[in-house]
Structure formats: C-alpha cells, structure tokens
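The following pair of complexes shares a single chain, subunit A, combined with subunit B in the former and subunit C in the latter.
Here is the complex of A and B:
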C-alpha cells in the first residue's frame, strides 16, 4: 500500500473515531436515550415474567421458568431503541444542516456511517451486558454456560447493529426524525407477532402461527433464547446470526446508496 | 494555483424538479481578497448559488471555478479551499463549542496537537472562549452564528462563503460580525462571498455588489457606482423660521429637482450632479439670508437601485409580485 493510501486510511479511521465519539457523547448527554432503552425492556420483562408465568404449565412449554423464556425479549427491545435513537440522531443532522457541514469537510461517507453505527454499538453493548446481569441476578440461568453468555452478548449486539442499520437507512432516505419514529410501532408489532412471548408450536391461532413462522424476528429471538433455555442449538444460532448479518449487509448497502443521494456534493 | 482566491462563474444555471430555474444563467467574477455582496430578496436564488459554488449542489449548466478549481469536476479541491457558513447555523446541539472545534478540526485533517490551540484561538477571536465548554444548545442566536463562523474559518480557507450571516441577529452581534469579516478580507486576504437581503450590510461591507432577482443578476458594481447609476443625492434643508420655506425652495431650485418633503417644515431637491454642489448650496442659502436649522445630504440607497432595475422595492419584495407601493420617487431615510 502506498504512503498516500496509508495516510488516507489513517484519515478515515480517525474520522470514524471522531464521529463515533460524537455518537457516544449524544447517548451519554441525553439520559433519556440511554435510560429508556435499558429500563423499559427490564420493566416489561418483570411484568411479563410475573403475569405470564402460568404459561409454563402448558404441556409442551419448553422451560419451567418464564423468566428464562422471556429473557431474550429485552435484547430485542433494546435493539429497537438503539435503532430509533441512532436514526433520529442522524435525521436531526440532516434536518438542521449539520450533515452539510460534515459534507463540506473531507469526511468520507463510509466514516459517517461507521461513526453513526459506532454509537449504536456502544448503546448495544452497554444495554446487552446490563440485561444479562439483571437477568442472572433475578434468577435466570444460562443453559449454555459462561461461554454461552458471551455468545449471547455477541448475538445481541449483532442484532442491535442490524436494527441500527435499518434506522440509519430510514433516516438517510427520509431525512426526518418523524419518519424514523414512524417505524417504531411497526417493529413493536413485528415483535409481538413473533415467537417472542410464546413458543411458535404452542400458538393456537393459525394466522398468528403463520406470521410468526415467516417473521424473521422470531428466528432472532429463538437464537438468543436457545442459549438461555436449551444450551448449544447450532441450528437456531446459525439462523439467528444469518438473519441479523443479512439485515446488516442489506441495510448497510441501502444506507450507503441513500447517503450518496443525500451527500450530493460534487 | 495554490494562491488563487478568486471566483469565476459563467452562464451558471441550476434547475430544480419541475423546471424551476432558481439560478438562471448568471455570470460573475470575484477577485482575490474582495468582499462580494450578493444582494436580493428571499427566493431570488442567492442560497442556491452558494450551494452550487460550495459543491453542495451540482450545476445544471454553465461553469464555475472557485479558488482555481472547477466546482463540478474538482469538488474535493474546492472544499479544501473554502469555508462555508450556510443560512441556517449548522451546529450539533449536544456538543460544546470546544467539541465542535475539535470535531471539525479532526475532519479537516488538522494534526491532533494543533486542534486544541487552533480551536481556542478561533473561539477567542469570535468571543466565545468563555462559553467554550457550554453545549451549543444553550447559546444565543448571535453566539451560534459566531461559532458557525469560527467553524468555517478553522482550516484557514482562502475563500469564505457566508449565506445571510446576520439574518436574525441583533445590531451589536451584526456589527461585530461585520468587523470580523472585514478584518479577514483586509488582514488575511480572504475572498468573501456574502449573500444578504439587507441593503445596509451590502453597503457597509461589500467592495462590490451583485443584485440578483429571480435567478438573474440585474445589476453589478461598487455600491457607490450602482447608486450613482440610478440617482443622485438629495439635499434636505430645514429653515429655522418656517416662513423661510418658500425662500429656501427658491435658493435650492437651481441645483436640482424639488422632491416631496421628507419631514415637516423641510425643503428637499434631488441634485443635478453629485454632492460637490454642497458648498454652493450653503452659499446660496446664506446669500438669501436664510438661517438653517438642519441640512442633510441623503445618498440614494441600494434599494433605489433595486427599484430602478426591477420595478419593485427590495424590502419585502420576496419572490412575489411587483410591489404595489413602489413609487418611482421613493426616498430612503437611511442614507
């Protein structure tokens, strides 16, 4: 690699660092952006665990503890919040002209995307660790052991990045915070129409079971859950990682295309 | 080419969807170190021109070079040479002034060791050093503008674009921004391309003014030359004794055309030639034995120029219809 190319790469890395640092500062300075994504899913976990515990008595329910069963859900909700916050941050940059200011520097578009996702990565890692710690503290057991817990964290962060890439894409495409926010209820519906709260084979309604079967969110949840209640389920893990990775690739590609349209600088 | 600070624009067109030509074939030249005022009402095409010249919008037709680089073909080189403060201040509400400088410095490729001192130097210069560690969301409108300007100047640009830099500012902030812009051109040789809808701003600050209306340049020149083109100054006299008005009128008559009185008890004429007749006017009044309470010379304003070229008054013209209240003889109190 030539000296110039090396210097350029160093420049891009430093740009990513600067922009990711900015995203992290955003998360730290807007407590609502950090506290909500972390507290809300835990509250919902507590409510569901106490309210739906009787479900475990159904014949065929895969575990005796609804807490173990539902522990995967906060990771999904945390990912949604990270996507929402990241997307709204970016949309605000577009709306208030800050993106133009960035576009007028030698910043590369890739650095902008990476920096943006760096903030989501930070929120994702912090919240995933917290969910896991709280879950274990209130009595959840990780069937796959300590190694499984680590894989759980990696998978959770991967899923978080998949949603963050989607949030980034919507922000770049629509250029408005409202548009990003508009997708949030949709994702909640997707989460509720998945196997997040009930095992697929125990869902009685045909239409619900069909949607849950075709809903990619089901497989993300089931991958996370398998580590908690089953142990090492390679099939479930592979499906979960594959869907998250595919979403990352897809939405990253769409994002960089949308960014090119957005950064029309010559 | 590295010391080129000029702007050359030939036949520039920027068309938007639906065939709207926001910029409709403009030509202009801004010399190195010059302050060029781009004056026009809202919607005239000022901001679009700035966006094209700063590489944020590709031109639909025509050619433009900034600091020796083509805006369409060499965007990165143009961006490296220019500083830009767009119409809406572009700040991150969550970052402090100092963090803005560090982020901008890093993205501009300023070596890490120099970022802090260089940022502080500019914050100091725009009077924000005491507020450097406060989030920009707590800044007043004037402070935001000044931070925006400091960010635009961080990498030492050769050409500075300011899009309506004082819109919404109080008089004091406006004056201090003018001082800084004038200093940049004078001491650092920075070329400044400034858009404004304020006559006074163009008049005070700009070496040359281009008046844009509906996407085309309708007049261009130094403020004095433009004003001289359309009209000569007006002299206004208020005699100490109201009874002397008729006498004053007779004394002034040889020097120009009478115009409607500007204030109660005054007599005014638009001079035939320039202000060099003033001494003769004073002598004529003295000769007619008229005691004068007040004597003023009113220069024509750039609004008179705009009016003469477009048939509308600049103030409140917007992008709308010709101004109904624009009488041809309209006088401006602010000379």
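Here is the complex of A and C:
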C-alpha cells in the first residue's frame, strides 16, 4: 500500500505528517534554504552590534549592551526567510502541478496547509535555537532566565508561523514563486521601519516613530526583546503573542479560502 | 574604422541598449532606486539619535552622514544590478549573439560599465533630491559635489567589473548572490552607522583595513566640505580597479572559450 493510501486511511494527522515530512526533507536537501536564513541574520547581528554599540551611551537607552538589545532581530529575520522559503516551496508545487495531483487524492485541505507549513516550522525551530545559543555564547544575557529562554523560543516559532502563513497565502493566491519573492522586500521594509534597531521612545524623527508605533512588527520585536533585556514584561509579551496569533488565524483563514478557490479551478 | 572607433561604437551600442531597456522597464530601474532610497529613509530616519552619542563628530548632521554611505552603496549596487543584467543576457543567449557580432569584445564590457555609471548617477540624483527635500544639509562646494559624484562613479565601475566578471564566468542569473554578497558584506563591515572611532569589537579592526572605510570617509568629507582621505581613497580605487578589470577580462576570456 502506498504512503498516500496509508495516509488516507490514517486520517488527517497522518496526512499532515506525510506532507510535513516531505517539506522538512526538502528543506534539508536544499542547504542554501537552511544555511542562508541562519547565517545572514547572525552576520547582520555582529555588524549592528559593533556599529551601534555607541547608541547604548545615550540617556534612556534600555540596556548597556547593544547585543542584548539587537538579539531579537535575528529571530525576526529568520522568520522572514522561513516565510519566503515556505511560500516559494508551495508556489513551486503549484507551478509544477504537484498540488493538482494532491487534489485528486482524498487529502483534506487543512492537512495540506498544515503539512506545507511543516518545512517553515522546522526551519524556524532550528534557526531560533541556533540564534539563542549563538547569542548566549557571544555574551548576551537572558534577563528572564531559563524559563524566559524557553518562552523566547516559543514566541519566535509563533512569529515564524505567522510569517509562514502569510507566505503560504501569497503563494496560494498568486501561484508563482516570483510573486512570493516580490513580497520579500515588503517584509524587510516592515522590519526596518519598526523599533527593531532603536527603542521607539528614543527615535528622534516623529514620522518614523509614528510608523514604528503603528507597525505590528515593532510589538513582535519588543516582545522578544523584553525577555532578553527586561525580564517578564507581561504587557509586551501579551502584545507580541496576540499579534502573532492573530496573524496566524487571519492568514490561515485567507490561505484556506485561496486553497479552495485554487482547487475549484483545478 | 580604427580599433578605438570600433570599441567606442560597440560600447555605446551596448550602453544605449541597456539604458533603453532600463528606463522603459520600471521593473529594472525601480529596485536600483528604491533599495538605496529605502536604506536612506530607514537609517537617517530611525537611527538619527545616535549622532547624540558621546564622540560622534560630524557637523553636517546624521542625514548627510547617511547620504555619504548611500552614495557609495547606490553606486556599488548599481554595478551589481548591471551584473544581473549581464548574466541575464548570457542566460537568454543575447550576449552570445553580441559577442559574435562585436568586432571588439572589450567594448561590450565597457558598454556595460557605461550603462552602470549612468544608472548610478540617476539613482544618486534621486536620493540626493530626496535628501535635500528632507532637509539634509550639503556643506561642500560645487567642486566637492563633483568630487563626490566622481568617487561614486569610480565605485560603480569597480562593482560592475567585479559583477560582470562573475556573470561572464557563470553565465546564469543564479550567480546573483555571488555578485551581491561580497559587496554587501564589505559595505557593512565599514562605518555605516557611526564614525570608525565609535565602532566596537572585531568589526572595528576589520573596518580599519576595509577599503570601503576610506571611501565612506571621503564621501562624507565631501558632503561636509572637509575633504578627508582623498588620496587614500583614490589609491584604493586604483588598486581595486586594476584587480576588477583583470577579473572582468578573465571573465570575458572564459565566455569566449565557452562560445
């Protein structure tokens, strides 16, 4: 009996497992997809930590170490790369007809979505653990302690899933890898126009501070950062988890609708 | 027609075609404009308070400080984007036809360089206008402005020769990261956010010996009306030009061998 037939008999969980396994194997077989999202944010962390260390001398800067302040940024960048890769994988499946063939099997739409997100989740977990280990190894301190480090990982993976759901939605809606890539600069604009690199209350330019205040990415970063530099800041954590969870729900719903539309077309 | 005349006609034809393609297709010119413009907005807008850190000394203000970086970055990435176009020309077969038709193939590379320089000048003009609109102060003279443009165009030449060398060797658009990443890393291992003296850790040591540091200091010196390390920058650019030209020449030979 084929794996797909087994999955059809085994229910939704088996279906999810099969597709997620395929997604993870694909990520492992394309080292560039795994290595670049991990290495690039660490290089930028090193550069920014050295380049902006002087900012910690400003009155009101929340920590004496820019490394502690900036440690949240690689988690966000890792999430962006995971979203990009996950979206591109799905777009490729659409372009080469794999999704159409899956549509002929008894596989449920929910399982298809969850399975496709498996690769992004895997990349997110691996990169988040590495960022944390490297950060601590080069001298970052986690103010919230070991428990805080675990919550940091959970929050980072939740944020990663939020971006991956967005990537999935774009892939399903557009059905093209180029379209997914086209959205990548937008992610970076959101990151750079946030409080990722400077505390919001110390941003001098009013227009920039206003954009950063309305930018949800600021709250995601601040939630991650609070565990590193403040300790247990329930307000920052709640905002960060709430925005990430809301994004997951919203983009999963939109993805589900886009998938139905695409399968009807098939 | 003399050898120089043949080279010039090939170079002008290649540059003219490139400029026509670039300015009639927004997908080609927009990234090279938006990328530096975005960095300019993000850095000058979001990080300006860092100019109040003890030891930060640059009289023209943080927007001008960042403009000095953006000029060099726009010029370098203009070269990289031109490298992408060279790779695309090879991937889609146009470059091979061009090499068959051109009486002097060196003219093809010169044409690509002229194209990149025009592109860089356009991007710098746009970012400069954006800077002036946002209140950036340019304290240099007209001569300083010209010197800044010459410096940026020289960077554009070196970056184009580097990228074209890779494009002509690999002849695929998948070579993009190989063109982009070394330049990106060199750019950011230099005083991007603060002057060299305020950079901490190992990056400070790397930045001291990174030629991009001298280029940035000169660029910012011209903007502030206080030319800095001009001779060192010129020397760095001459060395980089010789290396990049040799690299591009090797790439051209490789493409010729591949037919």
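FYI, the second predicted complex is superposed on the first by the 254 of 266 C-alpha atoms of A that agree within 3 Å, B and C clash if a C-alpha of one lies under 4 Å from a C-alpha of the other, contacts with A are read in each partner's own complex, and residues count from 1 in each chain.
As a convention for this text, contacts are C-beta pairs under 8 Å (C-beta built on N, C-alpha and C of every residue); 3 or more make two chains touch, one makes a residue touch a chain.
Small disclaimer: the values here were computed from a predicted structure and weren't measured.
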Touching partner for A:15 - first (subunit B), second (subunit C), both, neither: first
Which of subunit B and subunit C A:25 touches, first, second, both or neither: first
Subunit B versus subunit C as contact partner of A:126, first or second or both or neither: neither
First, second, both or neither for A:245, with subunit B first and subunit C second: neither
Touching partner for A:102 - first (subunit B), second (subunit C), both, neither: first
Touched partner set for A:51, first subunit B, second subunit C, both or neither: second
Of subunit C, residues touching subunit A in the complex: 34, 38-39, 41-42, 45-50, 52-56, 185, 188-189, 191-194, 198-204
In the complex with subunit C, residue positions of subunit A that touch it: 43-44, 46-55, 57-58, 185, 189, 192-193, 197-198, 202-205, 207-208, 212
Complex contact set, residues of subunit B against subunit A: 54-58, 71-73, 75-76, 78-80, 82, 84, 86, 88-95, 99, 102-104, 106-109, 135, 151
Residue numbers on subunit A that touch subunit B, as the complex places them: 11, 14-15, 18-19, 22, 25-26, 29-30, 93, 96-98, 100-107, 264-266
